[in-house]
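In the two complexes below, subunit A is the common chain; its partner is subunit B in one and subunit C in the other.
On to the complex of A and B.
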């Protein structure tokens, strides 16, 4: 019994010494809901870090969100964050930092250092979304949408399938970015966020190589890329039929491709099968021959897709992962990869689309 | 004889000793008035003796209710158990005339059921045996009688189906019963503590039940049942962990709902043991585990709380445990006071005063409610304790500590044995024929 008591006392005293190691109550933490990293023109302090810190409140009403913006110019990102701790009264916690915005200036020069910092930092979750902020991350951080229930809500909801399901919004998780950065034959892309007064506009995608951004697509191309790469269904296709525009809503999409080598040239044959319902079209189409409309859709879609794929290929990036597929189908040696590096700039795309119209959207 | 008896006993007013005569014999009668049904004494002894329709000697010799008793050392013990001693011509007989004050036709209240049998075992052994025999009308039912407690000498019955019982188990339990050296054994719970090994087990290894249908089913599975005089509960052994999670109602109600309810019980015990610890570790170590909304609302409601999260948890748990204990101990007439006052405090006031966060109130009530989902009260009590070690672990080591604690609990459960039978085995090579828990000879 006496030994037991001694052990108890020893345990309690030892554990008193251990207290404070990692123990920090939730109300003593300052949650970062969004972080922005920009490159400044100052060579001594090349990074500008902007953090959006949430001020928690027990009530969650639309428009009741409060947040605090902190910004600092530093030589390194890690030091900057540590310096920012001196600006606030609570421990800064990245645990809920679901969106990290990289400024356009940063991705146009070199994003690798920022990426490495994000991966290394243990409290940033790997499921955080990474995006490009235009014109700068700080500018995007400044937006404060009036409909927010709690800080950062609008940004979280814009990505993913929880809130809006926009075909123009692609999502890039941090772990995926890291994977695409390290993988040969698969290049990263990032959604582009623009500030529109007090709200955000996310309708473009930027393609990057292993160092910086190479190409930004237009809205329409972004949607097509989303359809072709992630087979995103809640989107539309457009065609002109007899001089009038027709828009159809996709109900099903299936895409497959093969890489064939012909006479020393890589040919990528892509088959796309689309099912759709007409959404905006002239009246009286029900009794006309649908095959004509389907053909117009198919031909125009194929042309547009080929143009877009050529455009991506010409900048030398490979967000689709054609190179990864090629490596997967051939011997896993460096020779294969070197061969693909030579093949890809001259690769030819052949897109064959078959569109099936399910209905006109009207009951006759 | 009478002289000897009066010297045996301390001076007691209720010790009745009579010497009566009729034309033929002189009869000596001794009994303890408070233990004995006086009408039985007069019906069996006084009236036939005085009427003299038949020679009283023949009555004593022929009526099997009168048993001859040779050893004077057993006189005191038998008198104290409500026997009447009769001496006629140097032969001493005894007659069982005990009057037992007991609860009449008790209704099952501890393990109540909606559509199952409503009667509970009685505090009297004979009534209990009646209930069990009528539910288990088998010639194989064997009943051994004995006493436990060196002073209380509580009468005890050991019941089993002699064809289905495991003989090693039987030998084991007989030895254990011999080793019980306590002076007073008042209820089966006390006996359970004496019999169980290890003595300080975290979980009960025997079921305490008041339901005759549970007893009958246990007998059919080859288990042993202990009944104690003066306690309306039976002790079923051996038992495994899953038996405790199983209410008799589960056999009587619709299949899918009962399956769901069983799953719900397991979920509940997981919640009631881990939730306070998880609250501490998530709030203070890993708040990223919450969804953002929840994290902010907890942070907001906690901002008024001056103490760290574990003080908050201890405060609320103290309140709820005190409330449960108070409502169990209070007399029924004042019982509602505790619940009303406690409900007010737990419900709103504690949060409005800024002592605890609003989430903590939900945690506390989940802990309290889901604790009572366990059908067997002794298991419910055992599980009530389990959360505290986990809380201590979570204060120092966060979620890792909780996971580690749960792992230790599972390891502990796995090494636990109930009279040599595995306590927590749910996977493994158990065929129906071999049986597992005391059902070696069961079909």
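On to the complex of A and C.
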């Protein structure tokens, strides 16, 4: 027992040594809820850092969120963040930074340095969402949506499945961006956030190579990319049938593809199976032959998908990971990858879609 | 008593992350890591089962007693000191690495030596207990932690961010021959059975080793998880750039509806427990090895009160551990570990072969 007491006393003594080390009270901290990084035209100070700092508030009701915006031009990102500490009275903490916005100017020149900084820093979450800010990250940071319950939450609720489930909003996690930056045969994409007065508009996706942005898709193409790459179900398809537009809501989606080599050319055969319910269509379709509507949907979907895939291939990026699939199917060596580098620019896409209509909704 | 054998095995195999086993495997991911994994999955359980079956033929005796009875002191004492060094250094590397990890993720402003000091005090207290208490501590800690660790591993495997193409690409590099460093790293997963060289003292005379198939089944599961899940989440080309690859992997998972969204912190706390118990157990075994060097020493499994020699020996361990972290940086620690793993493989299999050959010869003579 005496020995046990001695051990306890020794332990308490050691714990006393810990006093005052690092622990700061929560009200002495400023939590960064969103960070923005832009490229400036000034060669001496090429980065503009914008941080959205949450102001703790006793109320948590829509519109009660308060935040402070701090911005600085700087030579390096790390120094800039440290310099910003001089602007505020509390310790800046990135532990709750859930969204990082890279300005359009940054991703159009070179995003690698910013990515390396984020992934190297220990307190930035690997599950933070990365996005492109248009026209600039600072501008996106400035938006202050009236519906926010607590600072920054409308920005990160837009992503993921917790809040809205938009088929136009893709999500890119920081660790995924790092993976796609390093992986041969899989390229990064980033959702594009556009400021729309007080709120945000996230409806496009940008494709990047290992250095900068190469292509931005339109809204419709973004939805199709989301369907084809992540098999996103809560989305719709559109077709023209007898001169009239029909929109159908997806109830099931299944996509698979194979890469075949024919006479020195890579052919990517993609099979898409869709099930849907009509959402917007002329009256009286119930009694017509559904197979024709299904065929119209299938043919038009295939054509659009092939056009989109060709467009992506022509810019030389590979966000689907066809290259990685090719590496997965062939012998592990650098020769495999070098062969794919030659194959991909001339790859041919054959999309076969089969659409099945489950019903016409509540009316005939 | 079968479960106490399994506890040792499970503890060491789950602990491989703290000894940089994945990092070494990823270094060789294009040059023989996969074939080393396969080789290890054969060698590891084979030596394990043979060793357990042999040592349980000496009820109530650890390796020191078996060897002391049959070989002169000048053979056994250096061997014991060497084994003590091996166990002690593994335990100390682990606790050093964990102190650095705490410093990186929990509290970067704190002094890493103070953190390590507190951990060492806890391990010092635990390691100086009797062998029997040591096994009981191990049981309680594993029962509390392993279910959650397994849940995290399963969650990681089922994550929708998992890229199976990357995993298939990684397994396509199977054709390159096994190399020494990844083989040594991979066989570490199966090394828990060697703890029986001390803990065999506690096993009852009528003990018979059962359910040996659990060794390969569990070991291969851990091996595949350790290697392939980080590749699936960080990509085959990028996985080797992470220093704390499993911390990064657990940070890539989110529990939206859990109490804590970042899995990282749950993971770190679980591994803190595992590290402490592994270090305590490792120091305890090293201490027993050193005590066996004294001719007058009589091993007892549940001594009371704790002899003063225990405190002296383990305090020396603790001081060396703190000094090592003060003198070495992270890079030294990793390099040292990769050499340690290779030496460990040879010394481990050397010991197994020694004991097995000794037993066979004795049976032949009798």
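Note that in this section the second predicted complex is superposed on the first by the 345 of 364 C-alpha atoms of A that agree within 3 Å, B and C clash if a C-alpha of one lies under 4 Å from a C-alpha of the other, contacts with A are read in each partner's own complex, and residues count from 1 in each chain.
One rule holds in what follows: a contact is a pair of C-beta atoms (placed from the backbone, for glycine too) under 8 Å apart; a residue touches a chain by one contact, two chains touch by 3 or more.
Since the structure is predicted, the reported quantities are computational estimates derived from the model, not experimental observations.
Looking at the superposed arrangement, the partner reaching more residues of subunit A, out of subunit B and subunit C, is C.
In the superposition on chain A, contact of A:79 is made with neither subunit B nor subunit C. In the superposed model, A:178 lies in contact with subunit C only, and not with subunit B.
Judged by the touch definition given at the top, the superposed model places A:209 against neither subunit B nor subunit C. Once the two complexes are overlaid on the shared chain, A:186 sits against subunit C while remaining clear of subunit B. Of the two partner chains placed by the overlay, subunit B and subunit C both lie in contact with A:125.
In the superposition on chain A, A:328 contacts subunit C only, with no contact to subunit B. When the two structures are aligned on the shared chain, A:151 is found in touch with subunit B, with no touch to subunit C.
The intersection of subunit A residues touching subunit B with those touching subunit C, taken from the two complexes, comprises 15, 18, 22-23, 125.
On the subunit B side of its complex with subunit A, the touching residues are 283-288, 292-293, 295-303, 305, 308-309, 358, 395-396, 398. Interface residues of subunit A, counted against subunit C in their complex, comprise 3, 7, 10-11, 14-15, 17-18, 21-23, 122, 125-127, 160, 162, 173, 175-176, 178-184, 186, 321, 324-325, 327-333. Contact residues on subunit C toward subunit A in their complex (touch as defined above): 30, 104-105, 107-111, 114, 117-118, 121-122, 125, 161, 163-166, 168-175, 233-238, 241, 248, 251-254, 256, 261-262, 264, 305-306. On the side of subunit A, the complex with subunit B involves touching residues 15, 18-19, 22-27, 29, 31, 33, 54, 56-60, 93, 95-96, 98, 123, 125, 149-153, 156.
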